[in-house]
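Lettered A, B, C and D in written order, each chain numbered from 1.
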Amino acid sequence: MDLKTSLPLTSRTAKLERTVIDVKGVQIGGPEPVFMAGPCSIESLSQMREVAHAVKGHAHILRGGAFKPRTSPYSFQGLAEEGLEMLQAVGEEVGLPTVSEVMSPEDVDLVARYVDMLQIGARNMQNYALLRKVGTLRKPVLLKRGIAATIEEWLLSAEYIMSEGNPNVVLCERGIRTFEPLTRNTLDISAVPMVHHLSHLPVVVDPSHAAGAWNLVEPLALAAIAAGADGLMVEVHPHPEAALSDGPQSLLPERYCQLVESARELCTLIVRRQTHA
Amino acid sequence: MDLKTSLPLTSRTAKLERTVIDVKGVQIGGPEPVFMAGPCSIESLSQMREVAHAVKGHAHILRGGAFKPRTSPYSFQGLAEEGLEMLQAVGEEVGLPTVSEVMSPEDVDLVARYVDMLQIGARNMQNYALLRKVGTLRKPVLLKRGIAATIEEWLLSAEYIMSEGNPNVVLCERGIRTFEPLTRNTLDISAVPMVHHLSHLPVVVDPSHAAGAWNLVEPLALAAIAAGADGLMVEVHPHPEAALSDGPQSLLPERYCQLVESARELCTLIVRRQTHA
Amino acid sequence: MDLKTSLPLTSRTAKLERTVIDVKGVQIGGPEPVFMAGPCSIESLSQMREVAHAVKGHAHILRGGAFKPRTSPYSFQGLAEEGLEMLQAVGEEVGLPTVSEVMSPEDVDLVARYVDMLQIGARNMQNYALLRKVGTLRKPVLLKRGIAATIEEWLLSAEYIMSEGNPNVVLCERGIRTFEPLTRNTLDISAVPMVHHLSHLPVVVDPSHAAGAWNLVEPLALAAIAAGADGLMVEVHPHPEAALSDGPQSLLPERYCQLVESARELCTLIVRRQTHA
Amino acid sequence: MDLKTSLPLTSRTAKLERTVIDVKGVQIGGPEPVFMAGPCSIESLSQMREVAHAVKGHAHILRGGAFKPRTSPYSFQGLAEEGLEMLQAVGEEVGLPTVSEVMSPEDVDLVARYVDMLQIGARNMQNYALLRKVGTLRKPVLLKRGIAATIEEWLLSAEYIMSEGNPNVVLCERGIRTFEPLTRNTLDISAVPMVHHLSHLPVVVDPSHAAGAWNLVEPLALAAIAAGADGLMVEVHPHPEAALSDGPQSLLPERYCQLVESARELCTLIVRRQTHA
């Protein structure tokens, strides 16, 4: 763990107290964990409304993808601006701030007009032009860890954003690529305490992409809370079997709400340190 | 997750209800998680006694290594039979059953005379002669996952033991090898619910070897309990800075006891399923 | 190897004969392997001239980085357009076509004005906006494999370029991330015959980034040629100890020229198939 | 590459000149590469005779497995001593020395009575009791690299053998476990020059297990020779479709013989250094 000493030297934005990021009134990195929920892809207004109303009492932030990074150019690519309009409308209807992915520097201003938090996906963790561009705004950024990024590389990607002037970065662990074929990715649960050890930034966990299967989401989510995560991002779909992307790893709204109940109970036991060790 | 259907076909020992393994009265796989603690290496009688008395109220099983698998032939190789005598004497003194590693078929009978549970280490997970040999006994076996073993390979190694007639196998997740250099290994927390999904066998977690650093042990241990692990195996040393092996990842006895207190509180919230999903 | 049948289904640009890509008269994918050489970063006009004159008899294409993707925002980021001017001038002076990396859709037109081939780096292999943008041109593209990309994902990234109308894609294997710490990356030599098996596109090898150390470059380069690679891209610097990036893996010009001599001899023995198996 | 200095400190058997190992008159590590061929499993006397007669003019050593390490206890486990008798008889008939795997310390003396070289398989690379046992003999040992072993760990396993008094160790690279699913393993071709850099021991390559598919074997084999390997071990079966193990990666004898012809031509161009760099 030689980073303990070396990172403060490379980071020009190091500080001792934990940073709390405000997303339209929701505090990420404070005493309470934050829950973000919604479908992988925004598919229609009725789908978004159904999810949003089902989760609104159990979520702080509404998620939904409008620009979708897909391995194949022939897969569904998302509804783009039309999707963002739906997300914004539904967010206002249920009174939740919103988060959505942006994939290209050219789209940053567009996406930023519609959502309260910008997500940088795993494939773009080292898309430096994109990182610099979101760094010129003050809007909070959710920076997912790359599928094969070391924790050091991930923190240095956060530096790209912060060094441009935007200090509002939330890290998101979502699983790394290993040899194990039974899970879509391997959730690196150690990344949660390690980030708290090395950095002042909050770190949340996305158990859905790590697992790739809905029945692993709950145990991984509870593990993340127990390890000290500052929040969860969970894929929820009212009809997973009909989802245009990531159906197998999406929770039904009622299971998601039960999960949040369990996570909240767990939190009463986990004392989350407010300075990084 | 095609194993759901395929493993019952390959396993001749499949069953629906969860298996509970009895180690001299300690139940592994039952409603309460089991805590195993002790030093990496047995170094002296006084060291073992110091650890054992410090943890006895917070542990169910006492661990200590007498035969040590070391990467280099020039590293400390363990006290062998002399160490086993110390472990047995101290176990009896504090009233705890014991577990210790066996590395070779030739040593199985020797180790089995002294301890209550035989440990197969990660390097030997596919040492089939050793697996077959411990399969001929009825003594419980703790089977660690190989550093690069898939979950399927791990379960098939358990089959080697069970197919020889010994059904008393407890699996132990201890981290897998990935590209991340900050942790010694990457704890595959998903393995806990996946094993419960695919197998009737109990699975415990060793956070010490996964982390490689004492300050990650507590969050990883709590994560394991939250994910449904049937127990923990934790390295504890009264003087980590003087340990002959694995000092940096060893907890002081008082921190270990606090960890167990936290884990027990957590358990009151985690409903552990008694059939595998 | 189920891709044999599935990729032609997903690829709308499949064909049976091998594709030969023309870079200003240099044929990549034909009977002779193509050698690309130059420094990691363009540092000055004199540096570029020194390298170019030293390698011109042993290289078909001159490389040099002007936009540098660096893990840390505080590392040297390249000379940008100033560097491209140097590369273009020196390329014309020695009569070699040029290749340089482009990192952002916004820079594509700029870079395309100066160079004969656009390089997409490993970090940007799934930067889909960038892939689509270079797909709208007809200029040849060198697509490096992502550090943790499967061969299937790599071929599907090539599809992003081709499906926009640009068929001139050359693949470049440059090492993948594994647990082995002694090499910077692990050269996946199997990727060469596997790409030839699955795709009609040419594939070249970059032994410099895979090795991370100059003294491994020659054996890896010869191995690549023996495995059937359609060319090599090698980092060459006249003063590696003073290089602003990647000095330790850069060859001195004279060693590079010896390497090309050896590779050419080797080629006389390797019959490179002109249809993909 | 910090091992350059550190390994000579940990190795008590370091030396400057390359070691040449003699297997009943065959020199491994000398100026000519050595070819070992035969079926994965010894299945019958007629199968062994068919292979042996077909390859005898193109092989220096005959291989065949009698004790087979199989992931599942319900797979074919090999013919054991009966198989060794067949191997010995056929080896004498065609005038080739033999190599076969030994999996347990208890079997070492038995296997050593029948074969000229003992193979330690990838799963047993850190089976220290087995390493020590073969270290007490003088018979040559072929030590395969573990599926997730670092090069340093592999060399230290060789130390286990040598430190017991047996200096006759040949290393065998056979692919490591990575995330890439299209190949069975990823051949780490860099291991060849790296071993030559760090150690005085010969290193051969097994392209069959790395590839997992016969049509990749030839390009990988030629790559290995070009990278400086001291030999090849190739699986050959007269009827791969009927093989009891590893059929898909086995070459037909005639293809194997063509491969050796190509490899020998290649060797005339590769100058193999006789001191380690």
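Following the convention adopted for this analysis, a contact is a pair of C-beta atoms (placed from the backbone, for glycine too) under 8 Å apart; a residue touches a chain by one contact, two chains touch by 3 or more.
These numbers come from a predicted model, not from an experiment.
Counting every residue number used by either copy at the subunit A-subunit C contact, over half are found in both chains. In terms of the distance between Cα centroids, subunit D is separated most widely from A. When the C-beta contacts at B-C and at A-B are tallied, the pair with the greater total is A-B. One finds 34 Å separating the Cα centroids of subunit A and subunit B. Work out the mean CA point of subunit B and of subunit C, and you get 47 Å between them. The set of subunit A residues that touch two or more partner chains comprises 148, 152, 177-179, 181. Listed in rising order, the residues of subunit D touching subunit B in the complex are 10, 12, 69-74, 103-107, 123-124, 126-130, 146-148, 152-153, 156, 159-160, 163, 177. Subunit B contributes residues 1, 3, 148, 150-152, 176, 178-183, 186-190, 192-194, 197, 210-211, 213, 215-216, 219-220, 222-228, 262, 265-266, 269-270, 277 to its touches with subunit A in the complex.
Of all residues in subunit A, those touching subunit D in their complex are 148, 177-179, 181.
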